[in-house]
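The two complexes that follow have chain A in common; it is paired with chain B in the first and with chain C in the second.
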Partner chain A sequence: MTSADCFSAVERKVEIKPHVPGEVGVWVFILGDMLIFGLFFIVFVYYRGLNVELYSHSQATLNQNYGAINTLFLLASSWFVAMAVDDMRNKTVKLAPVFFPLAMLCGLGFGVVKIIEYREKISAGITITSNDFYMYYYIFTGLHFLHVLIGMGVLVFLWRRARFAATQADVRDGAVIEKDMVLIESGASYWHMVDLLWIVLFPLLYLLK
Partner chain B sequence: MNTQAQLFCAWCGVGFLVLFSIGWWFIAGYIPPMSPALSAVEVAGFYQENTGLIRLGMVITMFSAALSAPWVAAIAVQLRRIEGEFPALTYALLVAGAVGVVVLVVPPMVWTTAAFRPERDAELIMLLNDFAWLFFVMTFSPFFIQNLVIGLAVFSDKSESPIFPRWVAYFNIWVAILLIPGGLITFFKTGPFAWDGILAFWLPFAVFFGWFVVMFPLLLKAIKQQAALARVE
Partner chain C sequence: MIRLLAKPVSAVWLLLMLATGLSWWLGLDQGMSSDQQSDYRYISSGLIIIAFIKVRIVIRYFMEVREAPLALKLICDAWLVLVSSAIIYLYCLGPVPVATGG
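Entry: the complex of A and B
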């Protein structure tokens, strides 16, 4: 191998260096969390297999419309977040200060629908101890809801950083500082995970035949 | 520098794990956990058959629990380095850790009370057994706060060479959240969220165990780094 080959090899190596969004630590949390939800889902499918009739019967009482509306809410909010992050990578920060609140509004919509749904179930006498299916239903959606609430806090934080970056845009020619970008991507990655968990949770609880 | 004292405290964490496992797991035989769905007679039978082992195991378990105090103190010293003059999170860790010792000490005392007069009414033995298990598995809150404040403190470390790497913050918050399912055992006698279930017992138990294993080498490293800095100064 000539030295030129070596050089180009090194160069290539630099070129293909993959970009990990956010800081590496956030992925410890995200992958750890998805691992646990993965375990939840395996447990659910296993116990469902032992008593399919009870699970299907209980599943039929869930309102699929609520589940579907909430899926749309989270998908939309993820889209807003993705657009906002993209906007912040660009020179001028214009959309992000609007899109983060829009994403939060979708999150809020999700929460309102969830509470309406819980209220309906509880007033119909269906609680966490009614049967195994509802146990999983309440615990899984409840833990996911907790993630959404944490995510709303994260979005508030992102919104504040975006507004700050927007005020700085003129001063330093729009370049969002590297450190801020890492924080923004970390928060956005977390929000996408919340969305992803729901996208698995929704068919598992509401649709699985 | 009191490096030796700090290392002693850190090693107490290992002592806790080892002695706790010996007493609670290998001698008294509480793992795998008995089902909460057992009848009173079956529960009383466990105490009548293993009376001596439970008594001995609970002495060791009770002693081991207090070893978590120096362990938490060693972590608190490192958090104090991060926080500086007004260490609110460090204080929170110390208080939560102290309560944590109580949570680990009381159940062995209740289990040993059940084994103290195993001939008594089976219903009463079951009452004590229920109380000890619920207290032991369900009381996640001090440990939740303990891990949460460690996470928050590590996040706040803005120095050039942080005392703990930043992923430790995420790891601790992840552990904190994983302890939560233990709080659900009051609702169930069978299934994954009962006190012998995979999600309410095995998962938090494994994570709590793993937390020591991950934190121990990091803690030693932080203490040694502190000692090295002190030598330079």
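Entry: the complex of A and C
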């Protein structure tokens, strides 16, 4: 590779300077959401301490495999999104139009497992009013599931931008993509936060003894 | 594909998957006798610590906060420290599953 080639390879990549990944407004929302869920986690552990026996007995009816498989689904999905964002920075945009749908497929897998789990619980007569543990279980996982559904919408949007970017890669040396990166990073950060919240919910609800 | 797997994000992703496997295994009822149940306290504290290490990796590498200004790094780390220490403190305050030393 000649030095000229090296130079052009560097030129093709969107420069990364220290910056907030995505819109600052989106990060305010992300941090607010993390704060609220942080309080949820603390409230749950506090009330658990007041009635450990009830919480342990109720937890024993949960299927840990569902919780773990869903963690793996979200982690895999986050990896696809991270790789897609990296690909878009390269301005050549080859992988992103494929990786965003794969991330959505993992999100869909999460949803299917969640619905199977809810169906099992409800058909066994376990509902939000059964006891305090199940109240928290349904509220926390339900709110998180809502975040997953919103995230799926965000991923559809990112996919559309990636497909558009792929057609624009050679137009004005990828300037269009550079402009889009703030949106792409905002959406990706939101999706990673959905993953992050589940990483804490999984041990709290399914594993804590 | 090999080029993708060689990226730092892929390496930490593999670590996250392995850590999830470890938590999954630790969380299973491993046929402990009732005398050993107080060990759950250590296992559970470990599970919480593993979870928050995973969260920090997600924040740093996936959410790219390691490239972010110092203020955002500090806010994220403050959240991590406050929430994880509150959880561990409240968890350890709870009654011991089986009385020990008696």
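In this text, the second predicted complex is superposed on the first by the 187 of 209 C-alpha atoms of A that agree within 3 Å, B and C clash if a C-alpha of one lies under 4 Å from a C-alpha of the other, contacts with A are read in each partner's own complex, and residues count from 1 in each chain.
Note that in this section contacts are C-beta pairs under 8 Å (C-beta built on N, C-alpha and C of every residue); 3 or more make two chains touch, one makes a residue touch a chain.
None of these values were measured; they are calculated from a predicted model.
Participant: Putting chain B and chain C onto chain A via the overlay, clash or fit?
Facilitator: These partners fit in the superposed model.
Participant: After the superposition on A, what does A:Val52 contact: first (chain B), second (chain C), both or neither?
Facilitator: second
Participant: Pick one for A:Glu23: touches chain B only (first), chain C only (second), both, or neither.
Facilitator: After superposing on A, A:Glu23 lies in contact with chain B but is clear of chain C.
Participant: Give one of first, second, both or neither to describe whether A:Gly111 is in contact with chain B, with chain C, with both, or with none.
Facilitator: It touches nothing on chain B or chain C.
Participant: Regarding the shared-chain residue A:Ile128, is it in contact with chain B (first), chain C (second), both, or neither?
Facilitator: Once the two structures are laid over each other on A, A:Ile128 reaches chain B alone.
Participant: For A:Ser78, using the defined touch cut-off, is the partner it touches chain B, chain C, both, or neither? Pick first, second, both or neither.
Facilitator: second
Participant: Regarding the shared-chain residue A:Asp86, is it in contact with chain B (first), chain C (second), both, or neither?
Facilitator: A:Asp86: touches chain C, not chain B.
Participant: In the overlay, work out which of chain B or chain C sits against more residues of chain A.
Facilitator: C
Participant: Once both structures are overlaid on their shared chain, how near does any Cα of chain B get to a Cα of chain C? Whole angstrom is fine.
Facilitator: Least C-alpha distance: 15 Å.
Participant: Where on chain A do chain B and chain C both make contact?
Facilitator: none
Participant: Could you please specify the touching residues of chain A with respect to chain B in the complex?
Facilitator: 23-26, 28-29, 32-33, 36, 39-40, 43, 47, 128-129, 132, 135, 139, 143
Participant: Flag every residue of chain A that touches chain C in the complex, lowest number first.
Facilitator: 16, 18-21, 27, 31, 34-35, 38, 41-42, 45-46, 48-50, 52, 56, 64-65, 68, 71-72, 75-76, 78-79, 81-83, 86, 95, 185, 188-189, 192-193, 195-196, 199-200, 202-204, 206-209
Participant: Residues of chain B touching chain A in their complex?
Facilitator: Per the stated touch rule, the residues are 165-171, 173-174, 177-178, 180-181, 184, 187-188, 191-193, 198-199, 203.
Participant: Tell me, which parts of chain C touch chain A in their complex?
Facilitator: Answer in residue numbers: 4, 7, 9-10, 13, 16-17, 20-21, 23-24, 26-28, 37, 40, 43-44, 47-48, 50-52, 54-55, 58-59, 61-65, 67-69, 72, 75, 79, 82-83, 86-87, 90-91, 93-95, 97.
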